[in-house]
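Here come two complexes built around subunit A, the first alongside subunit B, the second alongside subunit C.
What follows is the complex of A and B.
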């Protein structure tokens, strides 16, 4: 166990230095995320000012859903996406042996190989946005814990889903398209499950589980 | 991939508005058909108006290739414009085929007045020039910033412009005072106004005023890009960064 702790520490340190060297890049990436959040919050507010409540969703719940989606996206980028892309690239370039020959499990070291610290800052920003825009006094601790648990489950589902796709690289060669597809799925499910027609709801729940990424975490808070 | 992204966002919008129009016939003067048509054209214009000049210029500067372009018998801005135009026309055609195909599949017909279509094309050409000039100003920052910072800046500013252009929700949903301010800014002429012209939501004198404002902005940005390039070029190191 201490062997892996040391490896994790080294990888994290390496990624932290990379983050500190490219400060401009980090600031710009952060700015891009802030503008995204501001524009969607305003967009949702303008629409819900006109509509009031839709399908049990008020502006506050809808904004919470979208921020939760962003949280899921950032957490999955830190823990899943970047590392899975790294693995797929290693397979494509014929470099997998290099990692397999090392006296550590690739699967265990994968989560920290390519951690982007800018995403950790974005996670903190998203959490702050959530605290500022949502009235948390209406929830009890059990609901909040359940929400965090469901968000974790959402990330775990993504991990297994992306793992299956990346493992297909062994047979079908370059499949960057499929890993990028996860990003497009996130765009589709920026609207909560209740808005989807039944056929799409079944498709995005049981076959491509995109509606489970962040939806249950919000539903747990408001008991929707 | 940008096309697939546009398609994904379009599906999200169609799902959202489809649900809302199950319970209402009209929202802010838009019926379901109007709203879907609006977002179909948002996605078409998104491709046409999304100039990539900033990325191209950034690549040229960082690879030290800018000098190579400067000695050609064509101004760098004209070079980037022709290069970008080729991409935009191709991207635009694919988007027109796909998104109008979706519109036809959903409603069984596509009908617009001929005069509206002609004016729409005029607005699209002018809004592309506006978008290109904005992108060229961003491109000039490449003398100081690395390509990934330029990409993030491009994404952040585009996101704001897209929102102010009515790409997320039609401008009519914005509060009254911001609608008044947006009339005099260039953004709404990138997306909202061309679609309003096509669908006949604005007519006659209003179109004339919109055209004048658009042309004034293009001329202003032409001058601004010229001056800013002259200023920022002083930071060029010719060997790349």
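What follows is the complex of A and C.
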């Protein structure tokens, strides 16, 4: 096994052990996510039973969009957010010394230094919810692959922004506001682009590309 | 026959000298090492803070100022100085965490700030106030992580781990969560994590800070044992003089970025303290005036007195006291290292 494969394996193992130690915390985080999903789905079904369709979005598409946003957020948390928060905290508290003096690249090990396994469970839950609530027989494989690709692009966009912000910590010290920005943007784009006026659509697509986090992944499936 | 014997003997002497030279060849070489920091000089008050938004004044601080030294393999060197003297900054430049502003530094033939993997596998930095162990997991997991990071072969890892655990008496503790350990236990586990890859050079930045007396002694003992067993070069910074006295043969004193002393501990005492301390306990009442001409009176009470006497006259004055008074006990001590170092710091500050 190569050096980094072994290092990835052991970091993931240690994160898994840490996850298994705090069972109650894990259970609560998981239940909170399940409750949120069920409540949201019931709410959407109730609203769309009255409205029928909005801008091409049916209840099914809206639910898929919501689950895709959660998927994006969970993948972003596992691969980007937690690790970048760890890096920002290490820079602020002067704890980077230990990592800089280890004979491994910090950049290469960063994706696995701080992994929350509860988010991996939430990803699995979201995927199951997607399969249960969306009729996948209406899509062909090309659409599904394109959807996965756009989801990856959404995660890559947030990785780019967050890594620029976190690297600024070396010069400007604490920058909690900026790292919270991604969360705030995710709140804004809880609803799809079709619900935004044209000006905000342009703003959140080309300048602050929040609508690209999960929207294109859904639009690729239904070719909206 | 005699000529042949003499030449064999000469060859043996030369061979021994070569071996001694190789052993003492410099592991750390520092030449005119300098580090300056630019810090923002904030004006006091609200107006000062508002002014600082638009125009800032900066001050340049020379944390390390043209420091020169060499350290050989296996040496144990104490690096002492008052707060802000430049000790940790120097250590960070030697380990590769900081880039020097000027000068040259070489450790084990490497340039530290390049932080090459081969260099990092041979050094370790232990900071008394910081912890690399995973808080929520038993210490053994952090040791296993370091095994993979340093690519330590399994057999060597198990042997070294067993050695270190025995030396530090950690058998009962390594499977407990780190957050449930006492500070002393955590420090010992920290030492194991830092030494599991048997580094050749150890940088110890206040390793005994916050520990109780028993634990301090234990850590000092361990460092000496480790140095003896693995021939590691040790550089130690500490505010506890006992750390330096018990561990180090050589001491370097840094003050305001400048190296003001570099030599053996004994010569530090002899160079900077031209006196010895005589503690005398007497069985009779002594008048203060009876002590005139014997030395500087440091302490005086009904049961005895303490004098500072000039080094060359110590024996003569001790004999005079034994003759003059009914002495119950008399002992001759070197001045306290703490007092000498404190005096050096004070003189350094006023210069």
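We take it that the second predicted complex is superposed on the first by the 223 of 224 C-alpha atoms of A that agree within 3 Å, B and C clash if a C-alpha of one lies under 4 Å from a C-alpha of the other, contacts with A are read in each partner's own complex, and residues count from 1 in each chain.
Quick note on the criterion: a residue touches a chain if its C-beta (ideal position, glycine included) is under 8 Å from a C-beta of that chain, and two chains touch if they have at least 3 such contacts.
In this text the structure is predicted, and so the values were computed from the model without any measurement.
S.K.: Subunit B versus subunit C on the shared subunit A, clash or fit?
M.R.: Superposition check on subunit A shows subunit B and subunit C fit without a clash.
S.K.: Taking C-alpha centres, what angle do subunit B and subunit C open up at subunit A, rounded to the nearest 10 degrees?
M.R.: Approximately 100 degrees at the subunit A centre.
S.K.: Examine A:117 and indicate which partner it touches, taking first as subunit B and second as subunit C; both and neither are also allowed.
M.R.: A:117 contacts neither subunit B nor subunit C.
S.K.: Touch check for A:187: first (subunit B), second (subunit C), both, or neither?
M.R.: Touch partner of A:187: subunit B, not subunit C.
S.K.: Is A:39 in contact with subunit B, with subunit C, with both, or with neither (first, second, both, neither)?
M.R.: first
S.K.: Which chain, subunit B or subunit C, ends up touching more residues of subunit A in the combined arrangement?
M.R.: Looking at subunit A, the partner in contact with more of its residues is B.
S.K.: Applying the document's definition of touch, where does A:54 land relative to subunit B and subunit C: first, second, both, or neither?
M.R.: After superposing on A, A:54 lies in contact with subunit B but is clear of subunit C.
S.K.: For A:98 in the superposed arrangement: first (subunit B), second (subunit C), both or neither?
M.R.: second
S.K.: For A:17, is the partner it touches subunit B (first), subunit C (second), both, or none of the two (neither)?
M.R.: second
S.K.: For A:3, select first, second, both or neither according to whether it touches subunit B, subunit C, the two together, or no partner.
M.R.: So A:3 only meets subunit C here.
S.K.: Just checking: does A:196 make contact with subunit B only, subunit C only, both, or neither of them? Give me first, second, both or neither.
M.R.: In the superposition, A:196 contacts subunit B only.
S.K.: Working from the superposed arrangement, determine the closest approach of subunit B to subunit C, counting only CA atoms, in whole Å.
M.R.: Between subunit B and subunit C, the shortest C-alpha distance works out to 12 Å.
S.K.: Let me check the overlay on chain A: which residues of subunit A are in contact with subunit B and also with subunit C?
M.R.: The overlap between the subunit B and subunit C interfaces on subunit A comprises residues 22.
S.K.: Taking the touch rule as given, give the residues of subunit B at its contact with subunit A in the complex, in rising order.
M.R.: Going by the criterion above, the answer is residues 1, 4-5, 7-9, 11-12, 15-16, 18-20, 23, 27-28, 145-146, 148-149, 151-153, 155-157, 159-160, 162-163, 168-169, 173-175.
S.K.: Spell out the residues on subunit A that touch subunit C in their complex, using ranges where they run on.
M.R.: Touch residues, subunit A against subunit C: 3, 6-7, 10-11, 14, 17-18, 21-22, 94-95, 97-98, 100-104.
S.K.: Along subunit C, where are the residues that touch subunit A in the complex?
M.R.: Residue positions touching the partner: 92, 95-97, 115, 117-118, 120-121, 123-125, 127, 130, 132, 134, 136-137, 141, 144-145, 148-151, 177.
S.K.: Note which residues of subunit A are touching subunit B in the complex, please.
M.R.: 22, 24-25, 27-29, 31-32, 34-36, 39-40, 42-43, 46-47, 49-51, 54-55, 180-181, 183-185, 187-191, 194-197, 200
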